[in-house]
Amino acid sequence: MSGLWDLLTILFVSMGVFFFVAGTVGLLRFPDSLTRLHALTKADNLGLGLIVLGLLPRVESPQDALKLLLVWALVLVASANSSQLIARKVRREES
Amino acid sequence: MNIPTIFGICASMLIGLGLYGIIIQDQVLRKLLSFNLVGTGVFLLFGVIGRRGAEGGLGGDPVVFGLVITGIVVAFSATALAVALLIRLHEETGDDTLLDEAPGEEEK
Amino acid sequence: MTGDLIFCAGLVLLILGLAAFVVAARQPFPAVVGFVVFGLLVSIAWMCLAAPDVALTEAAIGGGVTGALLLVASAKLGDPSKRGQKMKLARGFHVLVILLCIAVSAGLIAVVLSLPERAPTLALVALDPLESTGVKNPVTAVLLAYRALDTLLETVVVLLAMVGVWSLAKDSDWAKKPAFGYSPERGGPLGLLASLLIPVGVMFCVYMVWTGSDHPGGKFQGAAILAAMGILGLVAGITSVPAVTNARLRWVLILGPTVFLVAGLMGFASAGYFLAWPPEFSKAVIVLIEVALTPSLALMLGLLVAGPPRHSSQL
Amino acid sequence: MTEFLYVAAILVLVTLALSLARVLRGPAKADRMMAAQLLGTGGIAILLLAAGSGLKAATDVALTLALLSALAAVAFVKSGERSSSSPKNEKQP
């Protein structure tokens, strides 16, 4: 049984790391600020989300699982709103 | 080579780098950043000593860690006070350095 | 065992690279952003050194509150390039400085490498009377039971620094509110962010203070998070600070130090010396002091970031 | 299993090192700030991976970072507004 959970952890964490790599490559290679912002949100939302999903089978108590999900929710809220704010600033400076 | 030693070397180099910044930079804000680098280096050095003192099932020496927490808060207060002084200086003189006069004039 | 060693070596390289960038960057703004990231990496480093209490403090203060302080400061100071003023250094002096710094680093590295095999430690001494205090987190016990004088004086230092910041106000601006100097923005993404994050932040602060007596955490971490939430609310126009002459504001500021001091003086009566807690109540006293210190410290830290009172048409 | 989580953490650390290049190069201030944002998320991921391999307190540090990650971006955006336009006619509709 634990073997199956371990497999899930390996699968999801690997996918999460992949999105971190993808986000970073986008951040480095994309031509302007707004497209880079797009790449960045992939790492924030998907990368961290998948890592959290992958770590869920390993928690010892429901409280710890809740904490993990809370971290993800907070990062989602923070990154969505601050991306919006940064994008607004970029647009204002361009116009 | 173990983990505390690696961080000990890191801390020593941070102190050297920060010291260089404090002497070389001319903007006060940059001097402050460098000063904080030195501070972080000193705290990390403390942390290495504390980590090496791990005993009785603890991760490290709690006395040292307690001191470092106190240090971080005090360092922040000092930085905030220095930033307020700097901004006031900037408002008064329009300058953010501590130079007496433009060095260009000095050379002439 | 090798996995963590490789990780720590990589982390150290990143930290040193960032530090070099902070020192060498041409403009102040990139240096400040570099320093914010630096704080983040250092808090991970504290986790590697098995010091979660310090990691929490560094994450809350080093990464969060200091970052806001420095970013606001660098925006207020503007770009220095227009003046073109630069300190010119004689080449010999520059070389001398580099040699000095290398010597300092090399000396310290030599010290680190020659540390005795069995390190001196107070861990067992600190653990020994832990039972009698009823506190399970040894770091909290150090901060509030064995070395309480340090913590008391530290609170006073933070308060003094804040008074120092206030004293930098212009005469005409005294009795005004401490303000960043830009308009609060209601609604929009910032309003949403603040209204979602602040409740969670306040809850987390309570958790930090409460858990601090048994697990990693404590009042400094909680207060720093609360201060950060206050700053966020201030920028989003949800919270506001009263003028610095406001009596209630000043009472909150001295609440923590006063409770601490009174409890310390009671030590003369109960145990015969300053800052001694009666053994049967020591956990209650420690929790009381932590709870009283948190709002005071949070307000002090927040006001340190907000800066001196200044005239502002918007606030 | 712990070894796998270490490998994952090391890989995330490598991506952090790469995105550091964006902090260093810019060119716009917003680019540097975005990269700092990504570094924050990566740091959180590393701490969670550490928590998964047994360091339980790392979750609390990750929570702290998650709560405060927006603060730097907000401070950057709002303080920049002041310096780029005069504070008087800067009023949100």
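We call the chains A, B, C and D, going by the order they appear; numbering starts again at 1 in every chain.
Following the convention adopted for this analysis, a contact is a pair of C-beta atoms (placed from the backbone, for glycine too) under 8 Å apart; a residue touches a chain by one contact, two chains touch by 3 or more.
All figures in this text were calculated on a predicted structure; none of them were measured in a lab.
Asks: Is the C-beta contact count larger for A-D or for A-C?
Replies: A-D
Asks: Comparing centres built from CA atoms, which chain ends up most distant from chain C?
Replies: A
Asks: Report the inter-chain centroid distance for chain B and chain D in whole angstrom, where each centroid is the mean of the CA atoms.
Replies: Centres of chain B and chain D (C-alpha means) sit 22 Å apart.
Asks: Could you please state the distance in Å, as a whole number, between where the Cα atoms of chain A are centred and where those of chain B are centred?
Replies: Their C-alpha centroids are separated by 32 Å.
Asks: Using CA atom averages as chain centres, what separation in Å is found between chain A and chain D?
Replies: Chain centres of chain A and chain D, defined by C-alpha means, are spaced 11 Å apart.
Asks: Between chain A and chain C, what distance separates the C-alpha centroids? Give it in angstrom.
Replies: Taking the mean C-alpha position of each chain, the two centres sit 27 Å apart.
Asks: What positions in chain B touch 2 or more of the other chains?
Replies: Correct list: empty.
Asks: Residues of chain C that contact two or more other chains, please.
Replies: Answer for chain C, listing residues that touch two or more other chains: 4, 52, 65, 74, 76, 190, 193, 197, 200.
Asks: In chain D, what residues contact two or more other chains?
Replies: Those would be 16, 33, 60, 63, 67, 70, 74, 76, 80-81.
Asks: What are the touching chain pairs in this one?
Replies: A-C, A-D, B-C, C-D
Asks: Of all residues in chain B, which touch chain C in the complex?
Replies: Those in contact with chain C are residues 1-21, 23-27, 29-30, 33-34, 36-37, 40, 43-45, 47-56, 58-70, 72-74, 76-81, 83-88, 90, 95-97, 99, 102-104, 107.
Asks: Which of the residues in chain A end up touching chain D in this complex?
Replies: My answer: residues 6, 9-10, 13-14, 16-17, 20-21, 23-25, 27-28, 33, 36-37, 40, 43-44, 47-48, 51-52, 55, 58, 64, 67-68, 70-71, 74-75, 77-79, 81-83, 85-86, 88-90, 92-93.
Asks: Please name which positions on chain C make contact with chain B in the complex.
Replies: Checking each residue of chain C against chain B gives 4-5, 8-9, 12, 15-16, 19-20, 22-23, 28, 31-32, 35, 38, 42, 45-46, 48-54, 57-58, 61-62, 65-66, 69-70, 73-74, 76-77, 80, 83, 85-89, 94, 97-98, 100-102, 104-109, 111-113, 115, 119-124, 126-127, 138-139, 141-143, 146-147, 150-151, 154, 157-158, 161-162, 164-165, 168, 218, 220, 301, 304-305, 307-308.
Asks: Under the stated contact criterion, what part of chain A meets chain C in this complex?
Replies: 70, 74, 77-78, 80-82, 84-85, 88
Asks: Enumerate the contact residues on chain D facing chain C in the complex.
Replies: Listed in rising order, the residues are 2-3, 6-7, 9-10, 13-14, 16-17, 20, 23-24, 26, 29, 32-33, 36, 39-40, 43, 46-47, 50, 55, 57-58, 60-61, 63-65, 67-68, 70-72, 74-76, 78-83, 87-88, 90-92.
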